[in-house]
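Residue numbering begins at 1 within each chain, and the chains themselves are lettered A, B, C, D, E, F, G and H in the order written.
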Amino acid sequence: MDHQLLADILQSVADGQLAVPDAVNKLRHLSFEDIEFAHVDHHRSLRKGFPEVIFGQGKTADQVTGIMDKMTQQENILLVTRIEPEKADAVITRFPDAVYHPDARMIVWMREKPDVIGRGTILIISAGTSDIPVAKEAFLTAQAMGNRVETIFDVGVSGLHRLLSHQEAIQKASVLIVVAGMEGALPSVVAGMISRPVIAVPTSVGYGVSLGGLTALFAMLNSCSSNVAVVNIDNGFGAGYVAAMINRP
Amino acid sequence: MDHQLLADILQSVADGQLAVPDAVNKLRHLSFEDIEFAHVDHHRSLRKGFPEVIFGQGKTADQVTGIMDKMTQQENILLVTRIEPEKADAVITRFPDAVYHPDARMIVWMREKPDVIGRGTILIISAGTSDIPVAKEAFLTAQAMGNRVETIFDVGVSGLHRLLSHQEAIQKASVLIVVAGMEGALPSVVAGMISRPVIAVPTSVGYGVSLGGLTALFAMLNSCSSNVAVVNIDNGFGAGYVAAMINRP
Amino acid sequence: MDHQLLADILQSVADGQLAVPDAVNKLRHLSFEDIEFAHVDHHRSLRKGFPEVIFGQGKTADQVTGIMDKMTQQENILLVTRIEPEKADAVITRFPDAVYHPDARMIVWMREKPDVIGRGTILIISAGTSDIPVAKEAFLTAQAMGNRVETIFDVGVSGLHRLLSHQEAIQKASVLIVVAGMEGALPSVVAGMISRPVIAVPTSVGYGVSLGGLTALFAMLNSCSSNVAVVNIDNGFGAGYVAAMINRP
Amino acid sequence: MDHQLLADILQSVADGQLAVPDAVNKLRHLSFEDIEFAHVDHHRSLRKGFPEVIFGQGKTADQVTGIMDKMTQQENILLVTRIEPEKADAVITRFPDAVYHPDARMIVWMREKPDVIGRGTILIISAGTSDIPVAKEAFLTAQAMGNRVETIFDVGVSGLHRLLSHQEAIQKASVLIVVAGMEGALPSVVAGMISRPVIAVPTSVGYGVSLGGLTALFAMLNSCSSNVAVVNIDNGFGAGYVAAMINRP
Amino acid sequence: MDHQLLADILQSVADGQLAVPDAVNKLRHLSFEDIEFAHVDHHRSLRKGFPEVIFGQGKTADQVTGIMDKMTQQENILLVTRIEPEKADAVITRFPDAVYHPDARMIVWMREKPDVIGRGTILIISAGTSDIPVAKEAFLTAQAMGNRVETIFDVGVSGLHRLLSHQEAIQKASVLIVVAGMEGALPSVVAGMISRPVIAVPTSVGYGVSLGGLTALFAMLNSCSSNVAVVNIDNGFGAGYVAAMINRP
Amino acid sequence: MDHQLLADILQSVADGQLAVPDAVNKLRHLSFEDIEFAHVDHHRSLRKGFPEVIFGQGKTADQVTGIMDKMTQQENILLVTRIEPEKADAVITRFPDAVYHPDARMIVWMREKPDVIGRGTILIISAGTSDIPVAKEAFLTAQAMGNRVETIFDVGVSGLHRLLSHQEAIQKASVLIVVAGMEGALPSVVAGMISRPVIAVPTSVGYGVSLGGLTALFAMLNSCSSNVAVVNIDNGFGAGYVAAMINRP
Amino acid sequence: MDHQLLADILQSVADGQLAVPDAVNKLRHLSFEDIEFAHVDHHRSLRKGFPEVIFGQGKTADQVTGIMDKMTQQENILLVTRIEPEKADAVITRFPDAVYHPDARMIVWMREKPDVIGRGTILIISAGTSDIPVAKEAFLTAQAMGNRVETIFDVGVSGLHRLLSHQEAIQKASVLIVVAGMEGALPSVVAGMISRPVIAVPTSVGYGVSLGGLTALFAMLNSCSSNVAVVNIDNGFGAGYVAAMINRP
Amino acid sequence: MDHQLLADILQSVADGQLAVPDAVNKLRHLSFEDIEFAHVDHHRSLRKGFPEVIFGQGKTADQVTGIMDKMTQQENILLVTRIEPEKADAVITRFPDAVYHPDARMIVWMREKPDVIGRGTILIISAGTSDIPVAKEAFLTAQAMGNRVETIFDVGVSGLHRLLSHQEAIQKASVLIVVAGMEGALPSVVAGMISRPVIAVPTSVGYGVSLGGLTALFAMLNSCSSNVAVVNIDNGFGAGYVAAMINRP
C-alpha cells in the first residue's frame, strides 16, 4: 500500500465518503497480514517506498501465488526474484498480466508503468556477455522503481578501448552498477574514472579459483578506488534496489 | 588540484597576470608526478572531486612525507589512512598543521575547513563500543569531504530499545553508515526501518568464528534488507567516501 | 577402580590361589572391564529417554526398514530423518501406520500419541517462508518427544513490527528455537528480548556468500545475545531434540 | 537494576516514602544511559534477569571503568570478560572489591554473593589441562548467575576410564558444559551417556588443522549425539550463561 | 608382473628352455608399456609387491579396458576403484571373470585367490551404517592384498557400550582401520584402547558443517590418541592398501 | 600529458581565443582523451597477435554463433572454449568447417592451417590419464597459435621411471606445460630437471581434499622449483596461450 | 607403569616379600591419579605400551612439573612436547636428568636408555633444511620408544639425484617418515619407490598459499602413491609414535 | 659449478695439466655435497644454468653461512631470499662482499657482475608503493640472472592515465612482471595491452578480505587476459626467476 493510496482512504473518511468501519477494514492489514506460511508486510511500501519483493528461491509456486494474491490487492507493482521457469509458469497462469524474464529469472507484475522519479540516470555496465543475466535483473529492478536506466555490455578490462569509447555515458551517469565475474576488476577501473558512487556486483561467472564468485566479490571489496560499495554474488536485484535508493531525489 | 584552483590559474592567464611559461610550470604536473617510489595523481581531484588519499600501511614515513610534499602544494585537503603512531609522529613533525587521530589511525591535513556541500546528513551508527575506531575513520572522511555527519554509538541488536529510541535521527538521515562486528546484524535491522541507502561496514571485533570480520561481512552481504551495500572489513574510510559520493548534490 | 576388588586380587596372589601371569592379565584390562561393568545393557530409550533416531541419508530403504523392523517391536515411537520421497514410499508401504512429512523429509511412526511431559511451551520462530521445512523438522521432533510446541513463521529482521507483534507468545515460552538463513540475525534479536534459552538453527537458504548456511551459522555463534546456543546447518531435528531435553521437568 | 529493586522503589512511592520526582529521577535511567561511547543497558537485568556483561576486548580501561561507574550504582553483580592483565589492573585499582581471575581473563564484581537459584547442578567437564581457562570462565559465569557448579578436568577420550570413573557425577547433573579442543570429541561421548542438555564449548587448543578451534567447533556441531548445542570457540562465558538460563526454575 | 613370474622366466632361460630373444620379448615391457593414453606400469608389482591399481574416475570405459588388456596378461590380480555402474558394466562384459561391487564402486579381477601373507588380522570398524561403502572398499583392497580382514559396523561413540562389547576383537587385531563421518571421533576412542596402529578414514557422511568430510578429516588429524594416521576422505582403498603394507611380515 | 598541447591551450587562453570555462573543460578530461588517442582502433589480433577467443561457458549457442558470424569475416582462426556438446552441435551446424573436440570441450575453426612460428617445441606432460582432456585443450590452443607441440601422458610421480625414460624430449623442449591433479607434484619434479620455463596446470581430478583442484593449484604455487608459473584450475587453454607467447621469436 | 614393573610387584606379593596393603598402596594409582588440574593416566603404559606424553602447549611450567612429579615415580621414560625454552628451563631445573632439545621443542626424561625392540629401521627423510625441527621431534620420539632410527635431510624433489643417491637406505627401511613443507611432494615420490608404509608429515614451512602447512597436508592426503598415511601439520611426535607402533614386532 | 668451469677442468685433464686423482677430487662434489643439515646441490648450475638459491626463512644464520661456505667455492653468484636483518648481519659479517637489500630481504653475493644474456628487457610494474619490496626482489633476481630490467612503480588501475603514459616501455618489453596487492587487477589490464607473457605476482598488501594476498592471487588466476601466468603470494624471487627463464635466448 503506497503513500497516495493511504492518503486517499483517509481523505474519503474525512469527506464522509467512506464509513469508519469500512475504513477500519481497509486499513486493518496495513501493518502485515499473517497467512499460514508468511507474514505479508503491507506496511513496507509506506515505510520503504517500495513493496516487499518476493524471494522465489525455496518457495513453492503455491506459496508465491498465495503471497501475490494478498499483495496485488494493495500494491501497484510487484517483483518476484530467483524464480525458475516451471514455477514461473504456474504463477503466470494465475496472474496473466505478470511478465516473466527467464534470463533474469524474475517476474514483474505492475498495475501501471511507474513514473520516473530518479534524479539522474543509472548506468549498468557488464564485463562479459555471460554476466548479462545479472545485469538484467538489476535493470528490471531499477526500472520498476522509477528510474531511467542505461546499459553497456561486454566491456571487460582486457580490452580497455571498448570501455573508454563509452566515456561520455559513464561521465554523465548519476549512479553506476558494474557487473563482473572472474577477476572482478571492472568496478575499480570504472570507479577510477568518475566521482559518482559505483555499486559493484560480483557474478559467479568463471571456473576454478573464481570460487563461484567469491574471488570477484573479494576483489571488489578490495578495490583501490574508494567510491565502490558491493552487494552479494549474482545479486543484481540488490544492486538495482540500492542504486534506486541512491538515485532518489 | 581542485576545480577552483584550476579556474583561478586560467583566469590569471586570461587576465595577463600569469605568463604562459609560468602557467605551464604550475600545470605541468596536472596529470601526475613521478617521484621515485610513487606516481602522485594530481589529476584526481579534478576527475574525482577529492584528492588522492594516502594508504599508510606498508609505506615508510619517508614515503608518506615525500608524497605529502608534492600534494600539499596543489591540494586543499589531504588524508592519510592506516598509519601507526610512530610513523604518524614523524609525519606530524614535518607537517605541524596536520592532525593525527590515533583511534582512527588517520592523519587529516587541511589548508582550511571544507564547506559543507552534501545534500543531507550522513548518520553513522555503531553496534558496540569496540567498533568506534572504525566509525571514527568514516566520520573523519565524510566530514573532510564536506558533509554534516552525526553519530550514534553502541546500539547493538541485543537491546533493540536503545536503537529504537533514536528513530527520529535515523528517519531524517540522507545516507547511513552502519558499523558492526560479531554477527553483523545491525545493518539489516536499521535498513529495514528506512528508505535510504545504508553503507554497511563489518569490523574485525569478535573472536572465534567472527573470523576477523568475515562473518560480519558475509552477514551484511546476505542482508534480507535490500537497501544495503557493503565495504571491506574495518574500511571506515571507504564507507565515509562512498557515503560522501552518494550525498553529493 | 574398585579398591576392594584390587585388594581381593592381590590377596589371592598372596594366598597362592592366583598365579602371577593370571593376575597380570586381570589387571591389564582392569579399567576396561570397569567400563563394561558400568554399562549394563540398558538400551538407549532407558539411558536417554527416547529411542535411537534413524538418520536416513546414505542408508538404503532396505537398511531403514530393517532397523525399523527391530525397533518397532520394542519402542512406542520412532523417527526417521533426512529421508527422500522415493525411499520414504518404500518404508511407508512396509509400515502403513507411519506418516511421511515431505517438507521436513521425516517419517514419524508412533504406536500412540505421546503424553505431554515438557515443563513449558517450546516456541519455534522462522525468519522466512523458505526456512519452514527446517522449522517443521524441529516441530515434529519436539512434539514427538512430548512437548507443547507453537510456531511463528516469516518474521525476519527487515520488518521488526512483525516480530514485535508476537511479544506475548515470545515472553511466555519456556524454550525458543529460532530458524534463519541468509544473515542469521533473528536469534540475536529474539534472544535480546527474553531470559530463556534460545536454540538457533542456521539454514542453507540464501545464495552467494550465504555459503550454504555457514554465514548464518557463524553469525549465530557470534551472537551479541548470550542466551543462544547453536546446532548444525538445517538441523531442525537436533534443535527440537535439545529443546525437548531442556524442557524436561 | 533487578526486579526486586524496582518493586522496592515503586512500593516506597505507594507508601508515600518516596516523592514522585525522586522516583522519576531514580527510574529515568531505567532503560539505558547514553554516555559518550556506550549505551549502558540498565533495563537488561529486568528484561533478562542478569545485568549486561562488559566485553573487555577492544575497549580501553577508561571505557570499562566508565561503564562500571554507571552500572555498579544499579546492579548487584557485574562481569567483565576477555580483559587482559594490564587493563584489569587499572580496573581493580578503581574498584578494589572486584576480583580478577587471570586464567579466565575475567573480572567479577559483586555487592554480595548471589543466592543459588538454579534447579540442579551444572557440571563442567574439560578434555585437557590446557582447556581449563575456558572451563574456568564458564564456571565463574554460571556461579555468578546463582548456580551450584562442579568440575571434572582432563578426562579426554583417549583414556576413557578416566571419564567413566565419574559416571555418578555425570548422571546426576542437570545441565552439562563440555569443553574440548583438538578433535572436539568429548561432548559426543558425554552426551551419549545421559539424557540432559549438553552445551559444547570448542577451544582453540591444538595446532595445525585444529584451525584455531574450527575443527573442534565443526566436530561438535556434527555430533552424532543429539542432545548437544554449541557456542563459539573459547566462549566459556556464553556456555555458562546459556547453561544458567537452562537451569532456571 | 610379480616376483615369482620374473624368477620363473629367468630360470627358464638358465635352463635353456627359453630362447634369449623370446625372453627379451617377454621382459621388454617389464618397466612400463606406453599405450596411447597411459603408461602402464608393469614394473610396479616387482617394485611395490602389488600391481598398479586403476583409478576409474575420469577415465572412459575404453581406457579402463585398454589398460586391463595389457595388465591382465602379466598380473594375477587387478583392482579398479571409483568406477560407476554403467562403466563397470562395460568392463565386466569384456572381462567376465571380474566382479563388480556396486556399494564399494570397485572391480576385482583375479586369476586365483591370493594367499594370506599378512602377519595378523586387519580389523575394520565403522561408526555408522552409512559409512559401510567406504569400509567395504578398504575390506576388498586389504583382502585382495593377502590379509585376514574382519569387520565391526555401526559402533559410533554416542553409544559406547556397542563398541566396548567388541573389546576382544579390538585387542587382538594387528592393524585397525576406523571409518567415520560426521564428527570423526571414533578413531580417537578406538586408538585410546590399544597399542596398535590405527588408520583413520574420514567419510563424507553428514551435512552442514561436516563440509563433505573435511570436519571428520581434521578431527582425525587432531586426534588426542597418538597412534593414528589418516588418509583422504572416503579413501577406503588407500586405508586398505596402507594397512596391508603395515601388516606385511 | 603532452607538453606542447598544454602550452597551446594556455596560449589560446592568454590570446583570448579560448574562454576560461572551455579551457577548464578541455583540461578536465585531458588524461582520458590522452588515453583515447593512444588506443586507435587496432583490433585485438593486431594488438595481441591472435584474435579474441570465445569463452563458451554461460553463453547461449546463439550468442556464440552471433560472435562467430562477425569474427569469421575478419580472422583466419577462431577458438571457442568450454562449450558443451549440445551447444557445440548447434554451432557446428552453422559452421560446418569448424571441428569440435569433445574431450577438450573446444571448437577450432580455421580458414587454413597456421604456419609454425614458435621458436622451439612446446612439450605437454600429464600426470594421469584423467588429466588428458585439460592437456588436450592446451595442445589445441598452442598448435592453433603456430607451434610444434608434443605430448607425454600418464607419467605421474609415483612411478618415476616412466618420467625419466622421456629425459631426451624433456631436455630439448623450449617451453613445458605440465598438467596434474591430486597432489600436483609433477611440475616440481619436471622443472627440477631443466632450465626452461614450466607452465603448471592444476586439474580438478581427484576427490576429498583435492578440493576441486585447489590442492594441486596451491602445491604448484609452492613449488620448490623456481622455474614454474601457474594458471587457473583446468585452464588448459590459458596454459597453451601463455606457452605460445613465451615461444614467440 | 610398565608390564615388567607390574609383574615384579605381583611376584613380590606371591613371594611374601611385599605385604598386601603395601601392594595396594603401590597399585592404587594404577588407573589414573586425579591431581587438581589433570587426570594422570598411569594405566596407559600397560594399555598402550608407552606412558602418556605431556603436551606442553597451553600448560604452565607448574602444571608440567606437577604431572611429571607423579609420572616419574611410575615410569621409565617420559616425553614433553611443544614446550618453549623458558618453560623448559623451569622444568629442567626441577628434573636435572631431563634433556631439552630446543629445535624439536621437546624434553626427554629417562631412567635408563630404552632397549631396541623395533622389527626394523625407521628412516626419516626431510625435504628441506627448514623441516629439520619437525623431523627431529619424530626422531626423538621413535628412538625413545625403542627403535633404530636413521635420517636423510634436505633431499627435496627439485633435485631428484640427491634423493636417488640414497636408494639403498630407502629400500631397506622398515617404516619411513617423510617430512616436507611447501608443495609436500616428497612422500609421493619416496612412496613410489618402495613397498613399505610411509608416514607423511606436512610442515608449516613456506609462505603465501602454503597456508601454514595446509597445502602440504592436502597434497599428501591426495598422494598418487597408495602406501601413504598422514599426520597433522608439524606433528613430528605423532609420526614417530605411529611409526613405532607399526615397527613393533 | 657452471658449465665453463667444468669444461676447464676436463680440458686440464686432457692437456695433462691436471692429474686424474686431483680432477676426481674436484669433481666428486659435482652432484651434491652432504653437510650435516643440507644436501648442497652443486649440480644445479650445470643442470639449470643458475646455482641453488638459499631460502632463508626457517634456517639459522649458521645454516645459511654453512651452505654459503660450500657454494661460494664453486659458484660465481649466490642469492639468499627471505632473510631477516639480524640473520643477514651475521651472514654479511662472514661474507663482507655480499650485499643485503633490507626491503627485498635478500642477500646478493657475486664474484663478478653477470653478463647480460637475456634476449630483451624485463619490465617490472607495481600497482602501489607498498608493493615495491616484492618488485625489488624480482628486480634483483632477474638482474643477477643476466637481464636488463626496468621498473615502473605505483601505477594502479584507479588512475589509468598513469599506466597509459608508459605505453612505450610496456610495448617494447620482452617479458613483464606485474606486482599488485588488494584486488590484483593490474596484470589483466597490462596483459590486455600487449602480446608478451606476463608473470603476475600477488602481494599481501591490503587488509580485510585481501586475505593476506589470496584475493589478488585468485583474481590473477582468473584474469580475462590469457597471456598471464602466476606465482605465489609475495614471491618476487620466483617471478624474477621464471621471467629470466623466459628471456633466455
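Everything that follows uses one rule, which is that a residue touches a chain if its C-beta (ideal position, glycine included) is under 8 Å from a C-beta of that chain, and two chains touch if they have at least 3 such contacts.
None of these values were measured; they are calculated from a predicted model.
**Student:** Which neighbours do subunit E and subunit H have in common?
**Tutor:** Chains touching both subunit E and subunit H: F, G.
**Student:** Along the shortest chain of touching chains, how many steps lie between subunit D and subunit G?
**Tutor:** Each step joins two touching chains, and the minimum needed here is 1.
**Student:** Which of these, C-G, F-G or D-G, gives back the B-F interface, meaning over half of its contact pairs coincide by residue number?
**Tutor:** C-G
**Student:** Could you give the separation in Å between the centres of subunit D and subunit F, each centre being the mean of its C-alpha atoms?
**Tutor:** Averaging C-alpha atoms per chain gives centres 58 Å apart.
**Student:** Find the geometric centre of each of subunit A and subunit F from their Cα atoms only, then give the gap between the two centres in Å, rounded to an integer.
**Tutor:** 36
**Student:** Averaging over Cα atoms per chain, report the distance between subunit A and subunit B in Å.
**Tutor:** A distance of 28 Å separates the two centres.
**Student:** By the touch rule stated above, which residues of subunit D touch at least two different other chains?
**Tutor:** 128, 159-161, 165, 192-193, 208-210, 214, 217, 221-222, 232, 235
**Student:** With touch defined as at the top, which chains are paired up in contact here?
**Tutor:** So the chains that touch one another pair up as A-B, A-C, A-F, A-H, B-C, B-D, B-F, B-H, C-D, C-E, C-G, D-E, D-G, E-F, E-G, F-G, F-H, G-H.
**Student:** Over in the complex, which subunit C residues touch subunit B? Could you list them?
**Tutor:** Of all residues in subunit C, those touching subunit B are 127-128, 156-160, 182-185, 188-189, 191-193, 206, 208-211, 214-225.
**Student:** Which of the residues in subunit E come into contact with subunit F in the complex?
**Tutor:** Residues 31-32, 36-39, 41, 43-44, 47, 52, 55, 57-59, 63, 67, 82, 202, 204, 212-214, 217, 232-235.
**Student:** Using the touch rule from the top, collect the residues of subunit D that touch subunit G in their complex.
**Tutor:** Contacts found on subunit D: 128-130, 132, 153-155, 159, 161-162, 165, 205, 207-210.
**Student:** Considering only the defined contacts, which subunit C positions touch subunit G in the complex?
**Tutor:** 1, 3, 6-7, 10-11, 13-14, 16, 20, 23-24, 27-28, 30-31, 34
**Student:** Any idea which subunit A residues touch subunit B in the complex?
**Tutor:** For this pair, the touching residues of subunit A are 47-50, 53, 192-197, 199, 217, 221-222, 226-232, 235, 237-239, 241-242, 245-246, 248.
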